[in-house]
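Sharing a structure here in structure tokens format.
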Amino acid sequence: MHAWLERQIPKMVLAPSFVAILIFVYGFIGWTAWISLTRSKLLPKYDLYGLIQYRRLFAAPRWDTAMDNLFLFGALFIGIAMALGLLLAILLDQRIRAEGVLRTIYLYPMALSMIVTGTAWKWIMNPGLGIEAMVRSWGFESFSFNWVIDPDRAIYAVVIAGVWQASGFVMALFLAGLRSVDSEIIKAAQIDGIPGWRIYTAIILPSMAPIFLSAFIVLAHLAIKSFDLVVALTGGGPGYATDLPATYMYAMAFSRGDIGQAASSAMVMMGVVFAIVVPYLYSELRAKHV
Amino acid sequence: MSDFSAFSAAPRAVAAPARPGQIALRWLLFSLLGLFALFYLLPLFVMLTTSLKSLEEIRSGSLVSLPREVTFEAWRTAWSGACTGIQCEGLRPYFWNSVLLAVPAVLISTFLGAANGYIIAQWHFRGANLIFSAMLFGCFIPFQVVLLPMARMLGWMGLAGTIPGLIFAHVIYGIGFTTLFFRNFYVTIPSDLVKAAKVDGAGFFRIFWSIFLPLSLPIIVVTVIWQFTQIWNDFLFGVSFSQAGTQPVTVALNNIVNSTTGVKEYNVDMAAAIIAGLPTLLVYVVAGKYFIRGLTAGSVKG
Amino acid sequence: MPPILDIRNLNKNYGAVEILKEVNVSIDQGDFLVLVGPSGCGKSTLLNCIAGLEPISGGSISIGGRDMTRVSPRDRDIAMVFQSYALYPTMTVAKNITFGMKVRGVDAATQTRKLDEVARQLQIEPLLNRRPGQLSGGQRQRVAMGRALVRDPKLFLFDEPLSNLDAKLRVSMRSEIKKLHQNLGATMVYVTHDQIEAMTLATKIVVMKGGEVQQIGTPAEIYNHPANLFVADFMGSPAMNLIPARTQRSGQGLQIEITRPEGAPMVLQSPLAQDLPENVILGLRPEDIIEAGARNGPAVQAAQCRVDLVEPAGADTYVVSELGGKQVTARLHAETKAQPGAMLDLAFDLAKVSFFAPDSGERLN
């Protein structure tokens, strides 16, 4: 009996965390899902009314903008950060003496809060006193760089700040990947007389496919959750020009008092995240446990 | 600077030996690397110089010029005088809020992660993998989906708008990652160790305290840094679950920058931004190696 | 006196998979029991069950006359040495050795005395303040032994303790373990996949395959009278020759016919009085196939064989010839004149022969 009790200890210690996850993750997702199917407004109501909130959501022009922004921002952010990160990693992989210092410089933005990043870039891109003013003071009077206040361009300003923050991280991932390629294969290729750039394109990069996937997942995840950056940089504006689903959800939940909209937009966000992450996690877990 | 042993694999000889063309390429390489370094350093440089200028100098001078006259006035204001809405106490109280919130949240979530990881990796039982998967999926949800019920739950628990409430939220949603870190670390330790200790007569807790915790220092550092960076930099929970007086530093910074009253003091904004970013930046500079390990562990699973 | 370890009808399943099937083993005080078999045969699982590290699905285990089936490892009065040594990485050698005593609340003076004793016995005194990471493989092995010895248990368990050492160290540690066993008079259960280790160390061997005990016996019994084809093939190196043959009663004895690649089948006369089925597998160890005239006796039969391969191995020379469609190895003197392709007169010592049924694999004689 004593031995039996002893075998239960690990389960008992793990149980509180597991129960907490069950309630605060899965239970809460369930609650939000339920609310998204009701006519809750300022306070939650629990009578189901079908897909009314989703119909309202997809009819709202502001949500439309938010989703368009998400895909535009996501595509540019992921694409540029990956390209830049890969380029930096390959450049750094050329036996550079100052590699340690450069790596530190490229990566430090990742340690900062997105609020700090947003604040800094908001100042730099400030049309009156930032880059625009600086370039004009050099004599290029007609130079214009007012993206943060231009409704059509503001989302690109968010992309710049986002790329600045995250590309160093992609660099770190890729660099670790480049270094983990079996050096004997590369030696063999060199002996075969294959030129350096071909070694990259034909041998090293293809073997890094899993890292591309990881980087993509992380960046996509960051893009969908992006909230702080937009809040600090543009506040979602001008108007709703840089609204993302995350800011839309927040506005509905805490300033508009429209819980139903908040819940349904959160569910759509989760749908997008899971459409990307679940297949990845599934394959990872399968590969590990089978 | 930071020591990145994560990258210190033997240097590989992809670069060909030096020939005239190669030397030109080498120069191109260095100028590219230098340009990118400028791109990453520019915002930090601009923040720093702006924070040391007076408002007049900011209006008259250029974005990238060094301050003609260095003044710490903006730093003083940012720390103890800037207005976040109606209150004008600077960042200081909010900075301490962040400290008061981050320290316990980091410690608790790290400890829970260590215990969970130890159990999942070393005390195999039916369903352990299912539990781990459930926790792992929890790492990936967009927090928006739990924001509303969490706000209600905190209210129901009497923790709405309090620092303990924020600590609670950060601990709950940090468990997934901390468990993942420790589990992946403990999985690499041969299970014979637990067996040997069992035969020696040690029980579950004794084995954890005497054998596993002492050898976990590296992963504890990685986890603490990861959690600290996450929690210190958090904005979403801070803005959703706090109220005037209990807000963390990120929320206060955003309020200072976006407060519409009075003259826009860019130098104060920048000083405040640096103050808010300093703790995590410091951690990065001191322990960059562990920071990167956390980043890669958090993204490349296993 | 009851057996020191008594395993009865032990079963172990993981879900529907049977890992151990109806295992019955018992040993007495001072025995050295070796569990041997190929990887995946269940020998390590059996050891873990004895230690109480794995719950069993059926049957019982008693140690020192006490039923231990549901008792936790700490209360079984056992000590264990692991394949990976499993030294606690953050503790010094001294702390590693005394950890068990500390956990059990043994007083400090006794701890020190026992530590000194064991350290002297294993000659690890200079290592006591080092950590496992600073030790060589052989030194770790000694510390792991020390951790077990200091406990002075009823039963020592060894889980492939030598398999991580290089070949030379393995041989010397092997004899040290043997000496230790003789000096202490302790009872030991030892798991290995190495049949030579099994033969040299054991007073009793359990050969296992697929979770089932194939044979239990002294090393000599296992070697000379393997219970089935698996044991015959697994124990001994080079392996026992297993040659398909036809038998036929002839007078008092048995006439054995073995095909050769060319010419008439080889015919041997065995004095065996027992009746055998017509088709059998004849098992004969290489050292029982020798140069004609090298050994005398009523059961030694000579026959001419063609040499396919000559393998000098220092002390002996192995000669391979095809018989009954199998490569048959004979163990000759190092100075043999055997040449590949030539014919050679070989003697078959049928006093040592084993016969097996081709279908069931069971021993017939």
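To keep things simple, chains are lettered A, B and C as they appear, and every chain counts its residues starting from 1.
Here is the rule we go by: a contact is a pair of C-beta atoms (placed from the backbone, for glycine too) under 8 Å apart; a residue touches a chain by one contact, two chains touch by 3 or more.
No experiment lies behind these values; they were computed from the predicted model shown.
Chains joined by the most contact pairs: A-B. Taking the mean of C-alpha positions as each chain's centre, the chain lying farthest from the centre of chain B is C. Here the CA centre of chain A is 59 Å from the CA centre of chain C.
Annotation: 56 Å between the Cα-based centres of chain B and chain C.
For this pair, chain A with chain B, the centres built from the Cα atoms lie 15 Å apart. The residues of chain B that reach two or more other chains are 203, listed in rising order. The set of chain C residues touching two or more other chains comprises 52, 72.
Each of the following residues of chain A touches two or more other chains: 6-7. Residues 48, 51-53, 72-74, 78-80, 82-91, 99-100, 103-104, 147, 151, 157, 159 of chain C are the ones touching chain B in the complex. By the touch criterion given at the top, residues 1-4, 6-7, 9-16, 29-30, 32-33, 36-37, 39-44, 46-47, 50, 58-59, 62-64, 112, 115-116, 119-120, 123, 125, 128-129, 131, 133-138, 140-153, 172-173, 175-176, 179, 203-205, 229, 232-236, 239-240, 250, 253-254, 257-258, 266, 269-270, 272-274, 276-277, 280-281, 283-285, 288, 291-292, 295-296, 299-302 of chain B touch chain A in their complex. Interface residues of chain B, counted against chain C in their complex, comprise 190, 192-193, 195-203, 206, 210-211, 214-215. On the side of chain A, the complex with chain B involves touching residues 6-7, 9-11, 13-14, 17-18, 20-22, 24-29, 31-32, 35, 44, 88, 91-96, 98-117, 119-124, 126, 129-131, 133-134, 137, 164, 168-169, 172-173, 175-176, 179-180, 183, 186, 190, 196, 199-200, 210-211, 214-215, 217-218, 221, 224-225, 227-228, 231-232, 235, 245-246, 249-250, 253-254, 259, 262-263, 265-267, 269-270, 273-274, 277-278, 281, 284-285, 288-289.
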